[in-house]
Amino acid sequence: MSVAEAVATVAGMLRARLSHVALGSPDVDRARRFYEDAVGLRPDAEAPDGIVRLGLGLGAHVLELREGDGIDHFALEVSDAAGLAGLERELARRGVATRWVEPGGDHPRALSFTDPDGHRVELHGRIDRSGEGLGDPGRRPVRIHHVTVTTPDVPALEEFYVSTLGFAVSDRMGERFTWLRCNAEHHTLAIVEGPSGGLDHLCFEISCWEDIRTWCDELAARGVAITWGPGRHGPGNNLFVMFDDADGVHVELSCEMERFWDDRVEYPRPREWAEDPRTVNLWGPVPAWREA
Amino acid sequence: MSVAEAVATVAGMLRARLSHVALGSPDVDRARRFYEDAVGLRPDAEAPDGIVRLGLGLGAHVLELREGDGIDHFALEVSDAAGLAGLERELARRGVATRWVEPGGDHPRALSFTDPDGHRVELHGRIDRSGEGLGDPGRRPVRIHHVTVTTPDVPALEEFYVSTLGFAVSDRMGERFTWLRCNAEHHTLAIVEGPSGGLDHLCFEISCWEDIRTWCDELAARGVAITWGPGRHGPGNNLFVMFDDADGVHVELSCEMERFWDDRVEYPRPREWAEDPRTVNLWGPVPAWREA
Amino acid sequence: MSVAEAVATVAGMLRARLSHVALGSPDVDRARRFYEDAVGLRPDAEAPDGIVRLGLGLGAHVLELREGDGIDHFALEVSDAAGLAGLERELARRGVATRWVEPGGDHPRALSFTDPDGHRVELHGRIDRSGEGLGDPGRRPVRIHHVTVTTPDVPALEEFYVSTLGFAVSDRMGERFTWLRCNAEHHTLAIVEGPSGGLDHLCFEISCWEDIRTWCDELAARGVAITWGPGRHGPGNNLFVMFDDADGVHVELSCEMERFWDDRVEYPRPREWAEDPRTVNLWGPVPAWREA
Amino acid sequence: MSVAEAVATVAGMLRARLSHVALGSPDVDRARRFYEDAVGLRPDAEAPDGIVRLGLGLGAHVLELREGDGIDHFALEVSDAAGLAGLERELARRGVATRWVEPGGDHPRALSFTDPDGHRVELHGRIDRSGEGLGDPGRRPVRIHHVTVTTPDVPALEEFYVSTLGFAVSDRMGERFTWLRCNAEHHTLAIVEGPSGGLDHLCFEISCWEDIRTWCDELAARGVAITWGPGRHGPGNNLFVMFDDADGVHVELSCEMERFWDDRVEYPRPREWAEDPRTVNLWGPVPAWREA
Amino acid sequence: MSVAEAVATVAGMLRARLSHVALGSPDVDRARRFYEDAVGLRPDAEAPDGIVRLGLGLGAHVLELREGDGIDHFALEVSDAAGLAGLERELARRGVATRWVEPGGDHPRALSFTDPDGHRVELHGRIDRSGEGLGDPGRRPVRIHHVTVTTPDVPALEEFYVSTLGFAVSDRMGERFTWLRCNAEHHTLAIVEGPSGGLDHLCFEISCWEDIRTWCDELAARGVAITWGPGRHGPGNNLFVMFDDADGVHVELSCEMERFWDDRVEYPRPREWAEDPRTVNLWGPVPAWREA
Amino acid sequence: MSVAEAVATVAGMLRARLSHVALGSPDVDRARRFYEDAVGLRPDAEAPDGIVRLGLGLGAHVLELREGDGIDHFALEVSDAAGLAGLERELARRGVATRWVEPGGDHPRALSFTDPDGHRVELHGRIDRSGEGLGDPGRRPVRIHHVTVTTPDVPALEEFYVSTLGFAVSDRMGERFTWLRCNAEHHTLAIVEGPSGGLDHLCFEISCWEDIRTWCDELAARGVAITWGPGRHGPGNNLFVMFDDADGVHVELSCEMERFWDDRVEYPRPREWAEDPRTVNLWGPVPAWREA
């Protein structure tokens, strides 16, 4: 049994991590330059399918850009690739259509389905991430960390991800916000009240508080405004800043998120946070677009 | 309503902090020199009662030393001093004898009682802590943080502190260890399986991970051996090191403990940790005296 | 010639630093507890005049609190105490009434006058600040740094402080905001558009970016909300956070402010900043109360 | 309009950054090993033209080495490549001969000319710098930052770069030293009194003060002596150290340089610094070769 | 003379650094995944000889894995490759058989021999290490640092490496442990009492104390237990942590090791340390497997 | 046996630390203001003997100033006060006259004598240093660390301190410089070639490299020039900066000095360093006054 498997064996719970997010953009070239110049991602070799793929260092892509609008899909790398067949059966049992797709870039064959809210999800096996470490962590993200999607019915979509895929709920803020985990990090997927099938934000992990200052100064030097933070979220306890990409998509940088040890702790039902601005920023300030 | 009161109003839950721990020692002068030289505490003016009191900077004392052995008592500073009368009635209702005592040093009149296991506890109102900040935090503790007491019956003693005084349980490790909070910190009192009425360790807070290196080097230069750590506890997630005082009492230095926000979060029943060495040190090493 | 004098001799320019700010409060005791608990100031010995004075460590007071409302006065410690007589004559020549007052606390006899906008100012000689260093800089301010006052006519009040007292203008944002220096720091006094004779905010210096995180977390633990920041000002280039005291007075914590070397550089006329939110926060977010 | 363009549009002012410096060396192989071993640059694939090109991580080259002596040329990457035609016309109008060259390595076609003092300059469009981030910033530079050239007539050469190319003057020290900017950094080109057509030093940016210690220790371990610093320059306020390459060329490492915000601030005429050693090192020490 | 040579010329003393360690493993694929996932090494392109080679960033390999058990050999990169012929003669003179081997990967032709205790050693010339810097130093080692081998007769094996190859002894702990240097670092090879021809541990250098926390947390998140430390060794004064690889081989991470300046200091005979647990950890804790 | 005694028992070797240095000054008031304003020392209460005593925080004095010139004496706090009688006899045996003096301030009765070179030395027992910790370590020294005296005959004076008082020699640079220890720090007393009975410099310890930047910036803001450094000494390996006090006395700030563990290591004869500028600054620069 490998080391990774040692912590992966938690009965009934999904063990996975976010591998990429795919966005549509009305101006793919402009969006690509933003992620290169401001976020420090690095383009893959030209792909014949016309999709722009960007990664960290020499690693596989973590972001896809194509003509369009909003979120196209997100993908999860599952620790136990052999278990994909079981997920396929479970989805079928619940009447969710699935199919196997061949993604471009370096990602392996993936099981694809659409959640009840219209978000497309891909599940696949192990990716060689050894190239991701080839980057200066002070000026580019360490990894892609989580994605937050929107739905008018948060409890229903939470129920789908918990019962079908095996996510665990870490925290909830009433019926408006829920945070779900599939590894030691407090959340890899979050769901917030909003339009059906929408994207609230995507998040990259950075190293530490010291780097938050560097990022804010470098973004300012490139003319990119911080829209929220620096601050500290209640659920997850992570430090964060947020800004918008060239299409107005919210992008978060985060560090020091709370960890869960499901292999040795029995966590009771989720913590329930007050519907209060201080929940989403323990320090205080919350922008208008978050409070609504 | 004052600022402090704003966070103090959580129905039914004690809001307090540790104010001092009182130890017996077979050689008070040797013990006092240890806490001065190795821990960086500062003696109060000579007291007529022969008890040595030591504080942080120019602050009120946080440690008392007297002829004897083991823990004499510990004291809690209660946010709502007016509520002491209610605690007095509640203790009486349960048949716990109480009395008011006049402690030496700068501490106010305190309500004193003995827990079912024989530990004496003092409860009192506000102390002026403005003198505590007058110290170099890299070389002396920031504050006294928690005390861990021993009992052969952990669930019973936990029940006493929860139902009588209003402590909340943050975490448990089976029936062998329990961590209790009375403010935002994960625990101010902990209870571990051991002799009746005993002391497991007392803990001082220090500033940060960087200071742990400084402390280890300075303790080494003074001939004091670290007995455990540096490491990271599972319950509380705090970084720590431990060493023994001149009488063999375990002393902990700790930082970055997890915080609870009881005024805006509904926490479910406690997390239950495996009875596993990794619970008390997520990083691994556990000394023989802790594993037993 | 002493060391301090070596840098003090810049022809015609005031060499001074802020020594204290005096505020009125409808609830002096509540205000005092705020500055003790949340800001870490330390009360002076009881004063017979009923005014509460608070300092840093064992230093002389930097804040006065008395029954009332708004700013009562602020005081400047002048490097060249012998020059006070010259300032007295200059003020008289311009028809500004002056008088000598005996402040309480440890501050020396001061020359007092009222600016055209109604702010009372005290000027005095050297204070022994050796007690200020007796504090843990991670949990209490390093020093009182600047005061920002309000007026409906910014250019007129700027002109008064420049021509009468010898302040130098470092930066301007149109006719709405001006920053004035009287030592190496970018500003010790700032003037912003607002009610006549009012206070915009007072600022304490802290050590570094790392401490901003500690302060934000500690303020959150005490229930005090950050109202702006962390961010970085354009004029002064300093990192900052702001929150309100118990009476709603804006309090700033700041570090890493730009320095001026008037003894060896000839600075041209002030830089003129755009009237743009990014001027007051290079990183982006600006709260409603600042934008108005 | 892209993000980068948003800050690039400042009427009449050049927006550019240094892309490479080309040096002659009597022993190219020895020089190359110095920049690899001591500075951490990485050689490009073998070039057919016999010129050694070295870059940061997998980025395009930032340094060229060829048989010869002194500076061969330096190159600027211009934000607005379309504007090169305008620069070509402006240079022609002033009687400066230009030609288009095809540099080796990954750099695009460049407009080349010689300044009145004999320095050859290349101007070209956008370079993909995404490979530059692939390096450990603690042991190799973050980027090439500025070049300082020599001339017997500083005001004349300053005038050339300002009026012809659109550089802005940030600071001056009499007629002996001038610092010019073409982006947010305080200077990208500096001019100091010295031989006609000479090179004073070239500078790489590093991350932070902490790295200065690492660099000094690593250079010492490789037998390379620091010749100046660590110190802090007055103009630019940057922290620095300097050492000589294998041919005696002065090399600087620098961080935390002052930034200018020309898109939102109107800067008056340059600051004028005293001809005083403290100008070039606010902290004090200045080596004999700088004072001369 | 190049820079590197400047410090390399110390009469009679070997100038070299560790270039790789080759291990046998009963499960090469499992071992490889451990070094990729937990240690952050990066696999070379597939080798036809079936040996797995792993490096740092894009650098040449630092670890070889093949079917087998224990240490296969270790290799040293010698500063003065021309001196290999002299070493070959010296070994022959002492009756040690040598041969020239062609290692796989990017390493040059090497002189191979077996020490009296059965450890195979390779000596070779310069390796291009410019690819090693292409890695995030917070999450992967900076370089391979030293190897500690076992023998029942420590003084004899020490004598072999000193007199034959020219290592210098930095420190000794009786006849049980000896630390040998061949560059500025306190030791590149160490010898400890144990089985003949065995491996005690291999060590990677990391950047700093701050990274030790990150490593411990990341290893914990991957289910890898620290077996010793964090601590500080007496000999070498380096900070360290240790854990086991998938085959139980001890792996050390270390930083801040003491440096020696043999080109300008005459070091007397080695320091002699007490056979005391505090020698191998100045801070205190020593695990059972080290004390034995 | 107390903790401090545990490490103090090294046969024949002095265990002591520097307690104060006494300087003469032609302008005591100017000197005092320098040490208050620039170094951050704090004056004791007025002494009837007209001597100015300055300490750290609320600690006992570490510096004495009186009318005069050069060094008046320095004092050592001896761990084993009972051993002073033995030292008295030993000095008498060697024909060195001694007497007991009553120093002012808080220092105890001291044994006083004059070394062969004319430096007066005081030896005394334990001082309560608990008040020293009451200072912000980023802006004032942590403690007084060592004193370096001058003599035309370095070996003779070294021999005196070793054989009479029991100092151990840590390092030597020919017959021009020698470094002596009496506790874990590499040196508490150093001797350098120069005028008989003179003072080369006195040194305060500060916390860390980060503070060196703060000190340099703060000294610059007060008009005090750094005369040497930042750099790193070979002997002691400490980081340092130096500046002159108001009378031209060299003052050093130092951190991270090498430690010796005489209770568990047998150190051979001293290391012998080359008479080379790099010995006194591993990084390179050495000012004219040090090279002479």
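Order as written gives the chain letters A, B, C, D, E and F; numbering starts at 1 within each chain.
The definition used in the following text is that a contact is a pair of C-beta atoms (placed from the backbone, for glycine too) under 8 Å apart; a residue touches a chain by one contact, two chains touch by 3 or more.
Since this is a predicted model, take the numbers as computed values, not measurements.
The set of chains touching subunit D and also touching subunit F is given as C, E.
Of all chains, the one whose Cα centroid sits at the greatest distance from that of subunit C is E. The most distant chain from subunit B, with centres taken as the mean of CA atoms, is D.
Once the centre of each chain is set as its mean CA position, subunit B and subunit D turn out to be 58 Å apart. Taking each chain's centre as the average of its CA atoms, subunit B and subunit E sit 44 Å apart. Between the CA-based centres of subunit D and subunit E the separation comes to 40 Å, rounded to the whole angstrom. For subunit E, the set of residues that touch two or more other chains comprises 57-58, 134-136, 259, 278, 282. Touching pairs of chains, sorted by label, consist of A-B, A-C, A-D, A-E, B-C, B-E, B-F, C-D, C-F, D-E, D-F, E-F.
For subunit B in complex with subunit F, the residues that touch the partner chain are 30, 33-34, 36-38, 40-43, 57-58, 134-136, 138-140, 221-224, 246.
Within the complex formed with subunit E, the residues of subunit A that make contact are 2-4, 6-7, 57-58, 130-131, 133-137, 142, 184, 207, 259, 263. Chain contact summary for the complex, subunit E toward subunit B: residues 209-210, 213, 216-217, 219-220, 225-232, 239, 243, 278, 282-285, 287. Within the complex, the subunit F residues that touch subunit E are 234, 237, 258-259, 261, 264-274, 276, 278-279, 282.
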